[in-house]
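The structures come next, written out as structure tokens.
Note that chain A is present in both complexes that follow, paired respectively with chain B and with chain C.
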Partner chain A sequence: MALVHKLLNGTYILRKCPKPGVASCPFLSTRFADYCSSSLEKPVAAPGKAPSQRKTEGNLEGHHQREVALDITSPEDKPEVSFDKAIKEEIKDHFRRLKDDIVNHWIGPEGRPLHEVLMEQAKVVWQFRGKEDLDKWIVTSDKTIGGRSEVFLKMGRNNQSALLYGTLSSEAPQDGESGRSGYCAMISKIPTGPFERKRFYDWSQFNTLYLRVRGDGRPWMVNIREDTDIIQRKDQMYSYFMFTRGGPYWQEVKIPFSKFFFSNRGRIRDAQYKLLLDKISSIGFTLADKVDGPFFLEIDFIGVFTDPAHTEEFAYENSPELNPRLFK
Partner chain B sequence: MNPLISITLLMTLILSTMIVMISSHWLFAWIGLEMNMMAIIPIMMKKPSPRATEASTKYFLTQATASTLLMLAVILNLMHSGQWTIMKLFDPTASALMTMALAIKLGLSPFHFWVPEVTQGIPLTTGLILLTWQKIAPISILYQISPSINLHLMITMSFLSILIGGWGGLNQTQLRKIMAYSSIAHMGWMTSILLYNSTLTLLNLLIYIIMTFTMFMLLIQNTTTTTLLLSQTWNTTPVMTTFTMLTLLSMGGLPPLTGFMPKWMIIQELTKNDTLILPTLMAVTALLNLYFYMRLAYSTALTLFPSTNNMKMKWQFHPTKQMTLLPTAIVLSTMLLPLTPTYYILL
Partner chain C sequence: MSWAQAILLARGLSRGWGGICSTALTGAPFSQVTPQAPRGLHCSTAAHQPDSPLVPRPPEPQRGLVKALAPHEELFRQAPDGVRDKASFVQAVQNFTQYNVHKRGHVDFIYLALRKMREYGVERDLAIYNLLLDIFPKEVFRPRNIFHSIFLHYPRQQECGIAVLEQMENHGVMPNKETEFLLTQIFGRKSYPMLKFVRMKLWFTRFKNINPFPVPRDLPQDPVDLARLALRHMEPDLSARVTVYQMPLSKDSTDATDPTEPHIIGIQSPDQQAALAHHDPARPIFIEGPFSLWLRDKCVYYHILRADLLPPEEREVEEIPEEWNLYYPMQLDLAYGRSSWDDYEFNIDEVEEGPVFAICMAGAHDQATLAKWIQGLQETNPTLARIPVVFRLSASSGELLASSSGLEEPPLTPPEGREEEENNQQRQQQSQS
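Up next is the complex of A and B:
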């Protein structure tokens, strides 16, 4: 499945003017945003809307002309689609990554010498300096369940930050079963190795998350997911809140990992567990504050560091009344 | 956990291994193995958390599969021999199946994938039980069926285990995963000599248990689970760093420490049997293991990693943890080499 996805995306390599979602929309899970990597905007894919996407494409083209785009080529150029070449490129790429993987394994953890990894006290994990950095993220909103929120992700000014913006609408979808709606999220893609093997981040020597953001005063939720081997764990995540201040100044948010609380299937559980940092899969930002209207969040970088003054291991207690199973 | 339940589980664990070791009926041995698996699962879940649940589930799935394969092999043997007595197997298919089932139980390559994941997800004490006590039952069955095991299958699995144990542990920073890969490599050494001189398998198992016990006790003492934490133990208990280094070098098989004894005996025995390439390759791949033990020893004892305080040593409080048998274990895991003739004859 992942290979089909890469294959279809692989055809983009040879296209001069990539069109978002034409080939991929009918095949892929529509929960993920569909985007054109050379465009400046990332619209959200709605279910079964291929024809209207072409219409929105036209709108996007119009949008591009308003915002100066330096790399959009002329629409007269016919895109070259070469299936075989794309497959060969993809296979070569995977074998190259496998070779790099083996060499990096010899050098040390994450391809760097061990002493460098052990001495590290701060690390920038995601930063937004170009379009390839945007490719590591997925944006999604309640459009996938029939809501009306919109969310877009683009590079900020001078390619120094990423801007997540859109409109939140808490109008419930008219499907007879959803009573509530109104969320937008930006989730990082799970890191993959050669042949799309799932990888994870090892942040066990750090204890605080560091974000440099500039928001509009809205409260966001930061969600961290651990690596899943067993199906149920896809529903589990650890969350905490990030309150943005608005204003022209950048805000440095430091959230210790001990503060993250555990939730399963969207519900905060009585039995709380510590976030274990040795197998982190992805991080996400969610906005669901029930306030309709536009929003934006500008992110410079996301990093992790060790705060030697922070010695708390876990901020929440389990009580014998709520979860006696833990105290037997 | 309720102390009564805790004691029941530990007793069941001990009893199950005893049952496997002393039984002469295949069904009884299989029952022992099942009891063993059932007893350790709640011990793994002592502190319930998503990670512990995942580790227990993975352990259960792999061990249950192995037990199923074992039962299949036993029934095939019954079909061919008409009896349930534990002795060499009469059918090559049954023998191959049983070898693979026991390889899954032990964590031999290519069935080793569960070992690092499960060891990482459980507390240090349970990890100690998993990597030491849980190896005794399958090795005792392998010892009993050793005349009928396919040589090529066993040698391939053991060499692959040594290689993967060395390669996989290379860039780990989590200590429990390092111990898991070390266990995979040691199981490789143990099973490589099984068909030539099974006494040496038992000797290797005994020495491996002593060394792993020592290592885990040292880790439990300081509650260290990552290399970084281990590298900061010089600040809290400097004496432990020396013992950690000695134990690590012993596990790597360096003379004049105890760990050299099984490796020396195994290489000697393999050479006596005119297999020269295999012990050479095994000795060379053991260097991978030694490399990451040396790296740990280097960061722990031979260098002073920067710590967050400016003191030479943290204030020594009275230790609250019990150092169960630690001094004895350290002596046994470092100073037993001169007694090699004794152990060789005893076993």
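Up next is the complex of A and C:
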């Protein structure tokens, strides 16, 4: 059963992220997860010890394939089993994307004319209008470290929104090193160009993040990761809180980028600097509010825009007590 | 270092050296904490504990299954009729300090006490955390020279201090000046617990008021009050009115939520009332639910009364007559072109859903209770009598859904899995005729 699931998983991932020649490797799924997933946000070890839970977020539970399990949004269509055809299709697809990329470079950034991009004040970055929009997201929970939370992602009513739902359980896993547990996260996949080259988002002309969500009253945390091109920075991220109101009405959440604070390995750091917007790699939503029970979050779309009334550069100043070296 | 601290240190040092010398001469094993130290050196400025007689240990109960007890756990065990509250917790802590003048094993005891706090219900009490920090012997773990400060001086104790502060952080308890003084006295100003304290002071004050929809920390226990708070929390319109349609029966002998007469509370704003009055009686309206709402750590369920979206051809645009306002025109049809630098709209059609006419919270989630709500609504919305009401309830019974092995039905009605749907048209018309 596990082997069949691994095989099916491997072939499904094959369509998205192939490396011809390594296609038949059964550990492709774990490798893919390693590359594209992000490390855990909340510190789950006992205080004083470094939280170092980097277990692979591969397929730890095999049952209920039709429900969205750990990393992958539900593959409801049957993955093909023919490797050669899939490899050929993938190669053709990548060359086509490369050609589009070169052509678009002449037109302007991302294929749109330069004046349009420069004067843009509001941009929709992620929308949820079809199944393919769900494929851009990964959902994780603390099952990867042995906890009991479950989280699933599916299309909402009328295919107009995405519904992230599940159960949070803060029961700590009995593995001898985790003191606390209980989190669920939905992280966007890192955008890739042709031949799976890592890309990034450039939001340097915007200053506010806009989300249209409908929650159930629980407080979420929005995390933004920067591009790890030069330095390996997979543990650092910028976060802020998103408080949902609950209720049947859609809620607009506007978070200025100046409010995001810096954290490394799940701990907020003393030396704070503002989030630089020119190389953003992914965004994520985490729920870890220590309350056991079911939750849901419905997302309409996620965009960025320029709020002309917001002039703050950075919300947190460094304190000389904690950082005397910055004030020499 | 101020002169008071210097005097205390000198006194402690002289006593310590004297104690060590005397015990070295006699050859008995010595500890760094001298037995002859006066009480004043090792107690904080907190209220001096009176010398009460030692409470005898409760007898060991006969148990077939014997678990390995943590050290000092017997201090937290008490007579079966004893209630677990703050007083007994304080008593247990005092027992430790009185049994154990040298505070042997205080680190283990503090870890155990931190684990037991939730049982005794004191995890948000700052005085208890200060009491736990008071257990540490003072002035012993402070670094005295450069070598102490380079290497982590007394690492287990510092970790324990950090654990106390971390539990405070987890429960959102803000430390105060007493905590700061205790930490300075125990660990010194450059220690890791003190650093954590400074960070807590900084970040807690920064994030104290960032919730735009604050919920009070002490939620009301009465379900009617809780429902009122929740409905007000959900409805952004401040002119909405909360109406209690049915109060639960008096709770002398029965439970608070009597199955036959649950509480029903609804909320409706004047705009929603007007919209319902304009609603076309030929189209049905739906009662959907139950949806969950979390207030801090309590989950309540609500139902909504809504109609479907009108198709675009039937939507009518409201015409404002020109004489409505003589000072300036209410509608302007100017053909000014705005170029994209002034366009702050998102290039996406927002998801549109039908209008919501009312929200309610009830003790039970069955059709009979909701029908009573509709009857109550009809008093303020007489047009509701002629509109057919369709119940779209999902199968959940209303309790927190226990997580099964993965096949879990969310409380929302997914479009393909609607469980119950009953048409109540005849009953409505009969009840009104």
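Just so we're on the same page, the second predicted complex is superposed on the first by the 245 of 328 C-alpha atoms of A that agree within 3 Å, B and C clash if a C-alpha of one lies under 4 Å from a C-alpha of the other, contacts with A are read in each partner's own complex, and residues count from 1 in each chain.
Quick note on the criterion: a contact is a pair of C-beta atoms (placed from the backbone, for glycine too) under 8 Å apart; a residue touches a chain by one contact, two chains touch by 3 or more.
This structure is a prediction, so every number in the text was calculated from the model and none was measured.
If you put the two complexes together on chain A, you find that chain B and chain C both fit without a clash. In the superposition on chain A, A:R157 makes contact with chain C only, not with chain B. In the superposition on chain A, A:E116 contacts chain C only, with no contact to chain B. By the touch criterion defined above, A:R245 reaches chain C but does not reach chain B. Residue contacts after overlaying the shared chain place A:K254 against neither chain B nor chain C. Once the two complexes are overlaid on the shared chain, A:D229 sits against chain B while remaining clear of chain C. In the superposition on chain A, A:R148 makes contact with chain C only, while chain B stays out of contact range. Looking at the shared chain after the overlay, A:A271 reaches chain B, while chain C stays out of its contact range. Using the contact criterion defined above for the overlaid structures, shared-chain residue A:K290 touches chain C, although it does not reach chain B. For chain A, the partner with contacts to more residues, out of chain B and chain C, is C. When the two complexes are laid on top of each other via chain A, the two nearest Cα atoms from chain B and chain C are 6 angstrom apart.
Judged by the document's definition of touching, chain A residues 119 lie at the interface with chain B and also at the interface with chain C.
By the touch rule above, chain A contacts chain B in their complex via residues 104-110, 114-115, 117-119, 202, 204-205, 226, 229-230, 233, 236, 262, 271, 273-274, 276, 278, 308, 325-326, 328.
Those residues of chain C lying in contact with chain A across their complex are 159, 162-163, 166, 170, 195, 198-199, 202-203, 206-207, 210-213, 215, 230, 233-236, 291-297, 299, 302, 304, 306, 339-348, 350-351, 353, 356, 359, 400-401, 403, 405-408, 410-412, 414-415. On the chain A side of its complex with chain C, the touching residues are 46-48, 61, 63-64, 67, 116, 119-124, 127, 148, 150, 154, 157-158, 160-161, 163, 165-167, 169, 180, 210, 212, 216-219, 241, 243, 245-250, 268, 270, 290-291, 293-296, 300-301, 303, 305-306, 316, 319, 321-322.
Contact residues of chain B toward chain A in the complex are 1-2, 5, 47-51, 54, 57-58, 117, 120, 167, 170-174, 226-228, 231, 295, 299, 305-306, 308.
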